[in-house]
Amino acid sequence: MLVTKPDAAAGARPSRGAVRIAGVTKRFGDTTVLDGIDLSIEAGEFVTILGPSGCGKSTLLRIVAGLETETAGGVAIDGVAMAGRAPNARDIAMVFQSYALYPHLTVAQNIAVPLRMRALTPLQRLTGLAPREVRDRIAADVRQVAAMLRIEALLGRKPAQLSGGQKQRVALARAMVRRPCVFLMDEPLSNLDAELRVHMRAEIAQLHRQIGATFIYVTHDQVEAMTMSDRVAVILGGRLQQVASPDRLYRDPDALAVAQFVGTPRINVLPADRLDLPQARAAGAAQVAVRPERLEILASPDDGGGKLKGRLVHRENLGADLLLHIDVPGVPAPLIARTDPTTGETLAIGDELGLAVEPRHALLFDGGGRRIRP
Amino acid sequence: MTAGQSLSPMGRVLRHLVLMTGLVAMLGPFVVMLVTSFKPKAEIFAADFHLLPRQWGGGENYLTALTQVPLLGFLLNGAIVSAAIFLLQVLVNVPAAYALAKRRFRGRGVLFASVLVCLLIPYQAVALPIYILFFSAGLLNSYAALVLPFTISVFGIFLMRQFFIGIPDDLIDAARIDGMSEYRIVWSVMAPSAMPALVAFGIFSLIAHWNDYFWPLIAVSNEELFTPPLGIAFLKLNGEGTAYGPLMAAATIVITPLMLAFLVAQRRFIEGITFTGLKG
Amino acid sequence: MSGRGSVLLLTAPAMLLMAVFLIGPLLAVVALSFTNYQLGQPSLSFVGIANYLEMAEDETVRVSLGNTLVYAAVVVPASVALGLGAALLIEAEPSLRGFYRASYFLPVMATLIAMAIVWEFVLDPRLGVVNVVIKSFGWKPVDFLHDRKIVLFTLCGIGVWQSVGFNMVLFMAGLTAVPRELYEAAAMDGAGRGFERFRLVTWPMLGPVTLFTVVITAIRAFQVFDTVQVLTDGGPNKASEVLLHTIFAEAFNFFRDGYAAALVVMFLVFIVALSAVRLFVLGRGRTA
């Protein structure tokens, strides 16, 4: 009847919940939304699928869930192909962007739905006659999961009486109560205000550590992706650009598009000839990208050969950091340098500045945006 | 059942089967009406039954229908009366809706409360006193009798008010600053912005009054003023009740205008009904 | 420009007409019900509740009210259920959706009087299609409109026929308003198809629409008149006599306006009760 799993001890990797997405393609009529996605997710991993709106990431999640059927390719969980299996037969649970709580049921009843569907026959559900033991077990499970998410006080309320954050937790509880080996989350935080989002990010990450199941998380917010995941899969234009740890994605992107998508403020991109970099010339790089914190302000504009110079057009004081917007001739958008406040103290708008970057921090890309690693 | 759960092939077949069966009942009368209007009398009364006509009797049926009573005249009356009612309804009720939605004045609460109360009144209930009133004023048996009682439409006021409330006040203030009078504002600013609601209301009103039987039955006895429902009832009750051929032809003629309008502007009609249904 | 004068201009016509054609007559009807007024008579006198007493004793009124209630009791569940069924089936799949929707809605638009006459022909014991089919099964033909025991139900059938499309359209609007993610959550929870899905998501979300449809259909059922007047005139033997028809007869055949007014008041009570429910539903719907 009810499947129970021991909670993962800290550090132990669970044995179930490995997801393999192989060559998944999805077409709607003439439009290709997903193009040959290959992604292997280990059991217990927290993987975020990151991409802008409309890139197909939600579609991919729904294909894993069984709510959409792939046009080509397949999904396997723990080696078992999922083709043709109904969503509730896949040992997964999903948290929706709009929470999708049943409005006419109380919180407790909402959480109990998956358990009731699994443990009771239709007749039992309809008439309310079910063995005492089963009903008690369901109630106990509901209470346990509610305690974990600290919503016991809300059990008797209806969704309309809850705040966004509370609804979020109820949706999580309903997913968790099934103890699936894979959790799917479709932009669950996008409807919450900024402060709540920060709080919930930590909670979800904590939940992951506690439960130990595989988490597949979809978002367009790269901050969420970077702060919560073991690995991040970046999807742009229906194609998987890169899968890597957040750190690796940030420091060592495979494509210019990925480098530009990840990191705030946006990475600086300049034509390769604006910088005096021998290995860039040797490699035939067309473009160079530099992270704002790696762009150095020289003591005087003519230092270091005076190759890269610009005028300060704007400064943003963030308190702990200073962002300098520098207009450089030949570069369409101002470059942004991140520096500490004391360095920037003496600079004024209109000042001419000399810029430099260490060769090892200059990311080289060819004309097609592909990374060159010399 | 939306959300991508498409039916199995078996389910699809079953769906069509059930809906087609229902369709027979829904469209059946129309089909019978049409084919009967094309049958000559002998075939209609023949002992053995055939759905489709063997011989063409349509010409005679339609001719009889059109000449035995002034059927086209009835259609014209229907058009005149419905159009007049709707036009006057717009003139009377839209400004009132604007006042209730956007203007603050003493007695607004009372006025709106009366609108709500009047919404509860079915028009047949007040038909009797209005009849007596018209009788005493000698207004019976006239276009005025057919049109006047319906010029006030609390439903229209209610509907338009709902819509008007949603229009930003800034728009109105800008118009006022430009020097527009209140009356001008109603027609130049509010009405154009509320087109969907107006169209919905128009559809609702036209259908309701074209098809209305109760009040015209009471208000007019002069054949020249008959509206389509009255006309065809008259044909049946006073003519030969068993002259099915011409009767079916008359029925066809009577329902054709609305049917054509519907088939042409289907989506608008259904949207209109849905809109008024869910709001009113 | 603005100010009291303009408000008066905006609302005066409506207020005047409301007084003359709605509120005035409403009060007049109630007042009339306490008199013995007959149309054309120069004077009338106050008779207290005599009309109401007569109404309570009147066999015809009792039958009429009973028939109207039976009519409503049949037409409302039937047309709401069939409307819902049609909406569910049509929305389930895109194929031929527009065609079905238009066809099922057609009867709503067709002038009832005209279609009632058509129905009479369709149901004719000798010439009508329906009886031809019945006879082909070897059964005896049914006189739908002249058999005392079934005439009311025949009228119910025509009433249902005319209302199904209207209710169907309302339900369709309700169905498309159900958020897709709710169905998906249900699919994740194991209630992805059929009855379970209907019970967990569709039916609860359709609650307000259903209530609204029931009330609207009930109000229209109480107002049944056209078919009765043209097809049966209340007969045979009052078997199909309904409230509005009785009122009509008393007021415009017998000209007993005082008595008719009392009947109207009773009619009003029913309608107002139902309409009040409708407004209440509307209020709730708006805050939700």
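For reference, chains read A, B and C in written order, and residue numbers begin at 1 within each chain.
Here is the rule we go by: contacts are C-beta pairs under 8 Å (C-beta built on N, C-alpha and C of every residue); 3 or more make two chains touch, one makes a residue touch a chain.
Bear in mind that the values here come from a model prediction, so they are computed numbers and not experimental data.
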| item | value |
| --- | --- |
| Of all other chains, the one whose Cα centre sits farthest from chain B | A |
| Interface with the most contact pairs, given as the two chains involved | B-C |
| Chain centre separation (chain A, chain B; CA means) in Å | 56 |
| Whole-Å gap between the CA centroids of chain B and chain C | 16 |
| Multi-partner residues of chain A (each touching 2 or more other chains) | 67 |
| Multi-partner residues of chain C (each touching 2 or more other chains) | 184, 187, 192 |
| Residue numbers on chain C that touch chain B, as the complex places them | 1-2, 4, 6-7, 9-11, 13-15, 17-18, 20-26, 28-29, 32, 39, 82, 86, 88-93, 95-96, 98, 100-115, 117-119, 121-122, 127, 129, 132, 161, 164-166, 169-170, 172-173, 175-176, 178, 180, 183-184, 187, 192-193, 197, 202, 209, 212, 216, 219, 222-223, 225-226, 229-230, 244, 247-248, 251-252, 257, 260-261, 264, 267-268, 271-272, 275-276, 279 |
| Residue ranges of chain C touching chain A (in the complex, touch as defined) | 179, 181-182, 184-192, 195-196, 200-201, 204-205, 207, 288 |
| Touching residues on chain A, where the partner in the complex is chain C | 62, 65-67, 86-88, 92-94, 96-98, 100-104, 113-114, 117-118, 122, 160, 174 |
| Chain C-touching residues of chain B, taken from the complex the two chains share | 1-3, 5-7, 11-12, 15-16, 18-19, 22-23, 25-30, 32-33, 36, 44-45, 49, 51, 91-93, 95-96, 98-100, 103, 105, 111, 114-122, 124-126, 128-133, 135, 148-149, 151-152, 154, 157, 176, 179, 181-183, 186, 207, 210-211, 213-214, 217-218, 228-229, 232-233, 236-237, 244, 247-248, 250-251, 254-255, 258-259, 262-263, 266, 269-270, 273-274, 277-278 |
